[in-house]
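Got some structures for you, see below.
Here come two complexes built around chain A, the first alongside chain B, the second alongside chain C.
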Partner chain A sequence: MSDDSLWFRPPPRPSHPPIAPTPVETPRVEISIDGQAVAVPDTATILDACRSIGIDTPTLCYLETLTPVNVCRVCVVEVKGSRTLVPACSRRVEPGMEIQTNSPRVQLSRKMVLEFLGSSVDLSTAPTALEYSSRYGANAGRYGPAKEAALAGERDAREPGHHHPPGSLHAETVAQPVKIDNNLYVRDYSKCILCYKCVEACGTDAQNTFAIAVAGRGFDARISTEDNIPLPDSACVYCGNCIGVCPTGALMFKSEYDLRQRGEWDEARQTKTDTICPYCGVGCTLSLHVQDNQIVKVTSPLDVEVTHGNLCIKGRFGYGFVQGGDPDKE
Partner chain B sequence: MFGAGGGTNSYREVEETNVILLWGSNARETHPIFFHHLLRGINHGARLFTVDPRQTSSARWADVWLSLDVGTDIMLANAVGREILAAGLENREFIGHATTGIEAYKAAVEPYTLERAEQVTGVPRQAIREMAHAYAQAERAMICWTLGITEHHNGVDNVLALINLALLTGHVGRYGSGLNPLRGQNNVQGGGDMGALPDRLPGFQHVEVEEFRAKFDQRWGVKVPPKRGWNLTQMFEAMEHGELKALYVLGENPLQSEADQALARRRLENLDFMIVQDMFLTATGQMANVVLPAGAGWCESDGTVTNSERRVQRVRKAVNPPPGARDDVAILFDLAKRLGHDWGQPNSEQIWDELRALSPPHTGMSYARLEASHGLQWPCYDENDPGELFLHSRLWEQPLNGPQVAFQPVQDDPPVERLTPEFPLRLTTGRRLDDYNTGVQTSGFSSPLRRGETIDISPDDATRLGVCSGEMVRVSSRRGHVEVPVWIDERLRPGLAFMTPHFQDEVATNILTIDATDPKAGTAEFKAAAIRVDRIGAN
Partner chain C sequence: MDLHFHGPDATLTERSVVDSVLGLPPSEGPGGLRITRDEGHHSLVQRSKLLPAFHAVQNRFGWIPPGAMDYICRRLSVPPAEAHGVASFYHMFTLKSTPPTVVHVCDDVACRIKGSEGLCTELQHALGAEGWKRSPCLGQCERAPAALVVRAGETPSATSVAPANSQSLLAARAADLPASADTRESIRASVPQFGSDNLRLLSRVGRVNPCSLEAYQASGGYSALTKGILQGPEAVIAEVMASKLMGRGGAAFPTGRKWEAVAKAPARPHYVVCNADESEPGTFKDRVLMEGDPFAVIEGMTIAGLATGSEQGYLYIRGEYPQATERLKHALEAARAAHLLGPKILGSSFSFDIELRSGAGAYICGEETALFNSIEGKRGEPRNKPPFPVHVGLFGKPTVINNVETLVNIPQILALGGEAYSRIGTAGSAGPKLFCVSGHVTRPGVYEVDFGITLGQLIQQAGGVAGGKAIRAVLLGGAAGSFVGPDQLNIPLSFEGTRAAGASLGSGVVLVFDESVDLADILLRIAAFFRDESCGQCVPCRVGTVRQEELLHRLRSGKPMRSYADELELLKEIGQVMRDASICGLGQAASNAVESAFATLNPMPKVAQIR
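Moving on to the complex of A and B:
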């Protein structure tokens, strides 16, 4: 082999950098938002259009990386000619749409949604929901004191249609004991607002494992494994991508849960540093949350095209080897 | 391939391709986040063909699973090539424009009929035909592979057989079409790119080319040795013959990761002197004369790694190493000082800038650009270069830019160790989702999925042997034996057994594996040993 063969010398540089085929340009649509004229691609949602002009529309069930399920209804806006309010996260723009994002009707609706959530769900680890509640003046207390929490497994056993009409003195809640059935993460469904994000992340939007779904109907609806079996018996592969998208802390790393239980969780003392996973060669970005020189949890940024925020069990949980092993084993 | 060792496509392209051949890879478990991209491709309508002796969790997503016999990959690939030619589905325009040697390839694959391939591989001829036609006729198609291709005594030939298919169909150098080895270890790509290969300087510059060497001579003020060195396998052979007397091991555990562990131990014991620099006192470290405790590169130091899509990414220090453990680079700097070279204070950005000055494909990647972009893909020749989304686009330029690429015909060559009445089962090895290599790192967390090491066998073999799930058995190869519980796996075919290297301290799987290595790459045939399984107390 002569030393000018490809084995010895790299090939020449291409004349033009290789690029992806240019997508077909989509037509633009003119709409008005709060009286302001806006032009956006016809594939955009109302939420996209609002964000493009800096309007902060609240969202709880929406995430850029997930298919909108429009269940939380906190993003609703008023569209001229529409009888009902429409969810901004999933409604595509149409030519000539006239949208109000902050009308009294929108404000009232958002306030009600947040009050219902606040009266029935523990939002103590859901900073976004709390911020919205205060923005819209939600007063969850006006539905009365919370009813006593359900016993372990009680809500999981409810049959569709078998619930009783609520009394007027107490607020119905989803309060129940936290589910701890493995060493990696806990499920505290007292904090679940049924946003479906975990179901989406476990399903076709990312992991395609389908370990969880929504069971039950109405107020008894809840996130469940098949037949409510414990996680270790389920299809769960502990990627933790459900934890990554949970907006309320209902799904929580065991490491974080334990520190909170001991009163030692302190975000003011934490740093967050992006690095690359030490396992396989895919090169996933890990955000290491560190408190007192110990990694306390691992997340991944949504805007990295390698991961879109998703990790596997090794990247998400396999960091113990740098800090002297698994505390549970010691 | 074709002068640069790296996956030709980006992950995002698998989301928009039409046909995917996943060959010798269980990416669902070994590269889970790459598989997310692949699943998007499937959800967008791509057809997936998996080629694997095992019905892996990846194979369960496939339109067609081609369950070939272990080590018959070339038989299958050549039959696919022959069928494409027989059906007239080759890309004649691309072949004429960008390749040489098609006639030799045609002649070489002529004997690989569908009938013969079915007989040798065990894959029904209709399935081979279907994959050949789907691959050749696709607008875009990608081949992705892992160690099922490379961990054979003829791993390089296996790769060449796949490259030939891409050349035959023009499925390389275009968006969504290409050849992609999925790298099994963090920064195994970057290690090669940085010149941690016996014949390369950083940036794939061959050490035997004077012009490349001269740049490094000048920058470093010392003469770079003009001849290629030994690969890992050659080093181990040289230990045996006493030609290699001292070994400096950084972040490797070869005693447990090499095939044929008894042989590896004898060879390491033959050394006069061994240094092990590692975060753990590994089994190899316990044999060393000197151990240098190192920090964890990925979270206790600053630097870069490179992933399977050639993306150079920043690694950052998030925690301090435990007392006594130090940054690898700081250790190397101190060592250099003791040897009479003062390199100053270690600084990851300065080291990177030196690399950029010497390696053209990295020149455009300043730390500032890497920070701003979540990483850049090589080659990236200057600060305005966006980096290459996919490689070898030059092959489609009119007129052709640079040399043509040659077909490299290869012949079928079955695993070195044949099955015999004494050793009638085929043992293949691989990883599971929640564990990693020799388990040094993953033993640090408690996985609910972990069930420890087992020998996985088919229900038929379990019945024939009279063993049940969980029963301890004795597994023997010509090199040694281990005791391990049985796991009955309905997705394994009769005659095929599976183990992992994850629990070496409990079950030293590599006592069983064979040190038959590829003459070009030095990779051992971890995927094909002949074994027997005996009930304990039966003999």
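Moving on to the complex of A and C:
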């Protein structure tokens, strides 16, 4: 290699300091929501537009930091000219859109979606879903008494395409034993509304680990590792980012689960303290949830620029040293 | 991204089966191949080999062993959890060890009224639980009851048996039935109009050897493509526009507009997809076309490629159609050999080729965006629309997707001229139309008529109700369509005529039930179908289809919760949220048939209504 290889010739210094690009004004779109005229950027979704004028739209599968999957359908609104209702969380605004967020059709759909979830899923640790349910008058009891829970592994083994006809007069549910296969977090899929958030967080939206995916089909669809193997055998790296996005408590710190089992979980007695993770130079923001002087779980605010609420195993679970012990042996 | 594997190493046979689809791996270090993952177009196309690889393994072993699964994941850089999610979506893939031969017995509506339950009982006795499986409609309804014998092994086979009885099934299970090279004889049974002179779409079926390109050309085949190449893409689109052709897959969207949108779309490449997933219960017209006139499908697709500036087509056929798949494979090879596919077709600058892809048992994959996902090696979950396929379709590129029958109309249009074609049929529905007539009629089969004939006339043409019984109901448009009663036989069979009657043509199903039928049982089967076939993505459909089935079950067994009227009210609300808030047409239509039956046919037993 000769002397004039790149190595010896750094690029010339810039003649002037770099300047930040001027922000582009996004064109605005005029729409109407519940009769009120609104102008929003043309990149906005209907949900953004609703929020901009303080209309509280329920969402379950939507999260600011994830790609919208628009599967729960609790956010549907009526758009003039559309045969069906449309999901506010993913539909972009279009000029002249006339949107109804509280019409009888919208109310019925939201109520039914919440009834469907309430009658098939344990929402006891999903305060948002419960609040929506009472807001829309959902009566999950209308579908009859719940069928007995599936045995461990039974739902995971179901094959697509054929089910046994409903033999009893009970409502089918996703109830099944909780999966406890490691000391850091539990998976209680009786509480899973299949919002896809954990899959997105574990996949391309955050972690890129792809330890979990949706498997099966129809009502038997479920979140699963490959072949339903236990987490310790799977690709999971225990970043806990799935726990961070789960809206129902289906994914839960083992510490929280144990306290709840003992009847000792009490959010009124908890404090939340933001601090910086001491482990590495990224410096993620940690929110320590403390009850009775013990860290009971660790979250991270979504609105932190760099990490959007994501952590790694050290920040998420490596707090044992603070308490002078190993989190594995509480 | 590092992928994590847990399974046993693939055996040599497993590897070689996978390699037979994916080609030999470039290098084989101890940890397998270097895994890289980028979401570029190339890697998307690579990932799309996932289903073909699964098929190869399933065909060889009768299931997908974990070692083979891991090996496929390594070769294609697919995370194992995702691959498991994909395989577990399709009911023709099995993830636990299964006997090599499995009989799939159709217990869907048309077969149900022709004794499929008895067949199931007999097979359960003869084979035990492992040797057979229930299946939704196998697309052989004109010859109900139907079954499909699938045998894995070094020389895998799949054989449709219809009409089936337990002897013929056990025989087919024991021995390879010789696949006849030319099916002209056997397919005539499915085309009662065979021999009639005024057929357009069915003119070759049963008459022209479907295995011979020469015979196809001698009967006028490929003259439309020749003409199209001379005229050029714009002129072809103009003809299709002028023809007023509307899609025959169910949604009745104007074909010309679709083609024009793709032709004009700036993003490249463009794709043409033929939707041959035909899984709507009661539908079998596309199968008859593909088995009886496969070159016409290919010619139609090629013209679509020419018109829309596409160089690559995909033909996605349901996995339960072995005969049609064979026919098409053969036809594709013959067309390629004659330079009617491939580079510089007929000496022009137009290049186009077609890849055949098999589905694996999932009705939802007939929905266009679910079909794209399935080709791409993903779960067959429909995408939210917009964006529409003409802008963002297969591999995220502008895509025209058409039904088999739609595409078979294309050569007719170019031959006749769009204007002349548009005068066939009614003002709002141009052209000839295929109907799948089955159930309690004397001569079930595919019928070609001009739009506008009444339902009663069509049933008469099929010989009326067998045994002189009275009609109880007709299922129009398939499970996603609706029931009409004997007082509605004067409905004109056209898009506008059925719409005015509150029904729809759907995929052209006319399934006739005589007075002996237990309509409640049929409704329960339809409800079960939607529950089974829901992809499970969205709440209204995933849970709504279950609640609908449970409710019907309560009514049928005479045990309504609270009052009968309360149950009907609840049924309505379930129907409305599914129709209003579901992502795709499956959920949106899942209550159509049920609600239409309650509206006019009083389907439930009296006892249910007393309480």
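Annotations for the structure displayed:
One rule holds for everything that comes next: the second predicted complex is superposed on the first by the 299 of 330 C-alpha atoms of A that agree within 3 Å, B and C clash if a C-alpha of one lies under 4 Å from a C-alpha of the other, contacts with A are read in each partner's own complex, and residues count from 1 in each chain.
We adopt the following convention: contacts are C-beta pairs under 8 Å (C-beta built on N, C-alpha and C of every residue); 3 or more make two chains touch, one makes a residue touch a chain.
Keep in mind it's a predicted model, so treat the numbers as computed, not measured.
In the superposition on chain A, contact is made by A:Val304 with chain B only, not with chain C. In the superposition on chain A, contact of A:Val113 is made with chain C only, not with chain B.
If you count the residues of chain A touched by chain B and by chain C, you find the higher number for B. In the superposition on chain A, A:Thr43 makes contact with neither chain B nor chain C.
Once chain A of one complex is fitted onto chain A of the other, the partner contacts of A:Thr26 are absent, as it touches neither chain B nor chain C.
When the two structures are aligned on the shared chain, A:Asp227 is found in touch with chain C, with no touch to chain B.
Contact with chain C, but none with chain B, is seen for A:His162 once the two complexes are overlaid on the shared chain. Legend: residue contacts after superposition of the two complexes on their common chain; A:Asn208 is shown touching both chain B and chain C. Residues 204, 208 of chain A are contacted both by chain B in one complex and by chain C in the other.
Those residues of chain A that touch chain C in the complex are listed here as 70-74, 76, 84-85, 87, 90, 105, 108-109, 112-113, 116-117, 119-120, 142-144, 157, 159-163, 165-166, 169, 171-172, 193-194, 203-204, 208, 210-221, 224-227, 229, 233-235. Only residues 3, 5-21, 182-184, 204, 206-208, 231-232, 236-239, 271, 273-285, 288, 290, 293-295, 301, 303-308, 310-315, 317-326, 328-329 of chain A touch chain B when the two sit together in their complex.
Across the complex, chain A is touched by residues 1, 3-4, 6-7, 39, 66, 69, 79-85, 88-91, 94-96, 133-136, 361-362, 379, 384, 524, 528, 531-540, 542-547, 549-550, 553-554, 557, 559, 561, 570, 573-574, 576-577, 579-583, 588 of chain C. Interface residues of chain B facing chain A in the complex, by the touch rule stated above, are 2-4, 11-13, 16, 30-34, 36, 39, 43, 173, 175, 182-189, 203-206, 208-209, 279-280, 296-300, 305-309, 311, 313-320, 322, 360-361, 374-375, 379, 381, 385-394, 397, 401-403, 405, 433-434, 436, 440-449.
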